[in-house]
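Both complexes below contain subunit A, partnered by subunit B and then by subunit C.
And then the complex of A and B:
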């Protein structure tokens, strides 16, 4: 593989991982505040459909993205409202919304399948794009790629370096303590579930308007679940989540590459790679075996290993908070 | 309190009516008359004998899967992997049907056993990943679902492809002796109905009348206290998942041996996820499960006729059922909503 082919592969991995990075950042904000929005897969399908249809009718991709973000926030709001106000199971509501989004997108989008529509225009950043190798990979991309990377930085900074981020995390980790310090826990949860949902919506629309252009029934099916798994693998940290999304994108590229190199192996076998990988990475961060392996390692690297491999969800994730 | 009583009686109908209303609006937006559309759905489900038998034939694997889920939900487990367990059951049954030659009765017995073992083992994998590997059953189950479906595609395009070449649609039809005896030229096998009813009765007895059922309830309500009381949570969880997997696998077996006559690409047809909805809607009332499952089967079968008549996408049936579950989840509990207060006084 020569230089230009490598550059091309890497930049395509980057582009293909972009929606996952955006969705993962959104879900991390939501889960850090203590709510699990399980509906990602259905939300992304609805957002992909809505984004495409609205962009097609208005002939403007950005209006499409806006509509997709609204749909995403609406689905997320149902989860938040159902769990906070109505005190029902977040998992149950999220799961039903997953299926509903799937069927609803198929029904509402039935007259818009497999037709060409507007797409996001490529935008190379002047000067930076001329840096050898790095330039073409990172700065000769579609605007969404830049958005995703800025988003990772902003989310990470917001969560770990700002006062509002601290309040957000208090809602997910120790809601009682946060409440005692005057944080309106449920307001935080509403706010970040809806913001997270908007980002998931944008992620869905980036498929239909940029990556798998157009709409077809079930076109983004599966990606929402993968994003949810990456949130766990990424230990609820945006930077690690981004790495997880890139890893997943790389695996997909690898599968395509292997398929071409070994045509005698059944095509379908390679499709299993991402799912096997999903189980393996969740095992890596979750199992007791990892814990024991860390304890065998030399003392000096035990702590860093622990920090990398042992991750715990926000302590109050999925629990309800009742003020009194 | 008279008026509160009244509201509580009428309340369960409200989410159902709301779901019908939203679906009607959707139909209206797409230029179909809602009443005629629902009529088409009804005729598609019960219009003639063969349609009704189809509804029953689709209902049976759904009932089997829902019955299994009663157990895992009781233990507090989210067995989303049920879809894969159905698929593995159908693969195991197909394996027996394709590779053995025996008298029909022996063959069918072996197929049914294989289907149950196949589903149970796939469920055990998800369970062990959870108890030993720390992989949440939702994610382990989802990954295993996809892997099972990919495995099916591999089988029907590779080792088990029909002699005239792989078409990606399915295997060649099984030998006649391998298929379940069918009632009057339909897809309905009376034997599978008997098995489903037995399974349902046994599970209800196990959950309501045995110590095991009580242990599962303890695990589901509070894992830590159950553990402190000496309930081996790991063993019971794995067992619960395996029983559920066995029933789902049996459902998968019924799909290949009576609904189809071969292993197909989309063998489950979403029955596993549908079963999750059934059990959620039943909300701990076990006796509602067969009724809801039957209703869902009728809606989904009916929506196929709807598509044929109105050219509207058949996902409408799914939308109707999902909206019902969503609205019942959100607004079904009048007490929690504060519309009826009755329970608050003696409750908390």
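And then the complex of A and C:
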């Protein structure tokens, strides 16, 4: 691979990881508030379908994205309402919605499969795009890529550096303490589940309008689950979630590359690689392996290393909060 | 109202049991409105549906055949959910069970059927258990979320199936043909599970019902089953009582996967007699691994409740096929109808629980009023 091919590969990895980054940011907001939206896979399919159909009919991609965000927030609202108001299992509702989204998108989108439609236009940022190597990778991209990176920054800042972010995290970590301090826990959960769902919707539409252009039954199937895994891998932190998404994009690109280089090995082996890798990653993150590795490091950097590498879910994740 | 609750407790218990069925009827009512939107007469449509599910011996047999894998998967889900683990890997476990049992059948074509069938079903049971135990181990000892790992295991199973059926296990006839349909050769007819009546109904349905009774006995009448439920209800209390939580998590996932694997093996030996794939999971499983979860929830996570629940869902699936053929509505309508049933059943369950709470509260109130009256009399 010469230099320009490498740049091309890197920029395509970046583009391919964009929807995952957006979805991961959305789900992190939701889970940090204490709710697991397990319906990601179905939501993304529904959003990809709706986004494409609306954009096709209105001939405007942005209206498509808006519609997709609405669909995403609607699905998320069902999860929030079901778990907060109806006190049903979040996992059961999310799972049923996954199945429903998969089937419903196939049903509603059946007249729009495999037809060309509007596409997000490429937009290179002037001046910045002329920086050698970095320019073509980061600044000669589609608008969604810029949106994803800004989103990571904003989410991270919001969560860890602002008052509303503190209230949001209190809902996920210590709802009782937050409640005692006057935080309306369930309102927080409704709010961030719906916002997170809207982002997941945008992620779904960015597949059908930008990356796997067009709609076909089950076109984004699997990506929702991968996003859920990346949230865990990223330790519920937007920046690390982004790195996880990029890592996943890179392994996919590597698999495609290896497949071209070794055509005699069955395609199946390469298709299975990302999934096996995901399990290994979850294993690595879940076990105390990282903790032990930190203990090998020099004493002086153990503390900061622990702060960077430690992964723990929000303490009240998945539990319901009842005001007394 | 008060007196009605306290005087007729039995009426209310019957009502509780009937509620899921009433919810199903309500969902079908909403479905009727949807049918009218499609310009179809709902009475004719549901007539076709009933006819398709129960109208003849053949229809009834098809319903039972459809219900069989659903029941077995639902039993597996009961064990896992009671043990506090969420097994979404039914699809993968089903595929593994089917693959293992097919391989056993292909390798021993000359064995007598009465020896091979139990061996093959056992192979399916073990293979499914193996595929279920992996996420169990990951959850118990490495703290990996079983919801995610089972989904990943499903994807890996599908890839493995596609590879095996396209290359090593492919039917030699297909290898010659240009089309190369990814399927194995038909298993020897000596290995077919016995048919019960001259329909498609096979012995597997009986096996599934026996399995339901065994799972009930296991969960509610044995020490190990009790421990699994204890771990599911409160891991902390179980640990305090000296029960090994990780071991029982692995065990419940293993048994859960094994029952799904058995479902796969029974699908092969009772119905398809060969393994095939369309590239996705649902081609072979018909989403039984997922629908089984819904059936288990419908049966309120009780092994015996899963029997009528699976029958109802089998009827819904078979009847819906007929409905679609007769009325020419889009096939996705059927899917939407299933979704409606699920939503209605889940919300009815919520309503039932709220009613039960209010009932209790009123009874307590009545008792306090009585005591107060007695106190007054005494003083």
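Assume the second predicted complex is superposed on the first by the 301 of 324 C-alpha atoms of A that agree within 3 Å, B and C clash if a C-alpha of one lies under 4 Å from a C-alpha of the other, contacts with A are read in each partner's own complex, and residues count from 1 in each chain.
The definition used in the following text is that contacts are C-beta pairs under 8 Å (C-beta built on N, C-alpha and C of every residue); 3 or more make two chains touch, one makes a residue touch a chain.
All of these numbers come straight from a predicted model, not from anything done at the bench.
Placing subunit B and subunit C on a common subunit A by superposition gives a clash between them.
Look at A:185: by the touch rule set out above, it reaches neither subunit B nor subunit C.
In the superposition on chain A, A:272 makes contact with both subunit B and subunit C. When the shared chain is aligned, subunit B and subunit C each come close enough to touch A:91. For subunit A, the partner touching the most residues, choosing from subunit B and subunit C, is B.
Touch criterion met: A:232 reaches subunit B and subunit C at once. Subunit A residues in contact with subunit B (one complex) as well as with subunit C (other complex) are 38, 86-88, 91-93, 95-96, 99-100, 103-104, 106-108, 110, 222, 225, 228-229, 232, 266, 268-269, 271-272, 275-276, 278-279, 282-283, 286-287.
Of all residues in subunit C, those touching subunit A in their complex are 86, 88, 138, 141-145, 147-149, 151-153, 155-156, 159-160, 162-163, 166-167, 280, 287, 290, 293-294, 297, 330, 332-333, 335-336, 339, 342-343, 346-347, 350.
Per the touch definition, subunit A reaches subunit B in the complex via residues 38, 78, 81-82, 86-89, 91-93, 95-97, 99-100, 102-104, 106-108, 110, 217, 222, 225, 228-229, 232, 266-269, 271-272, 275-276, 278-279, 282-283, 285-289. Those residues of subunit A that touch subunit C in the complex are listed here as 38, 86-88, 91-93, 95-96, 99-100, 103-104, 106-108, 110, 218, 222, 225, 228-229, 232, 266, 268-269, 271-272, 275-276, 278-279, 282-283, 286-287. For subunit B in complex with subunit A, the touching residues are 26, 30, 78, 80, 129, 132-136, 138-140, 142-144, 146-147, 150-151, 153-154, 157-158, 273, 276-277, 280, 312-313, 315-316, 318-319, 322-323, 325-326, 329-331, 333, 336-337.
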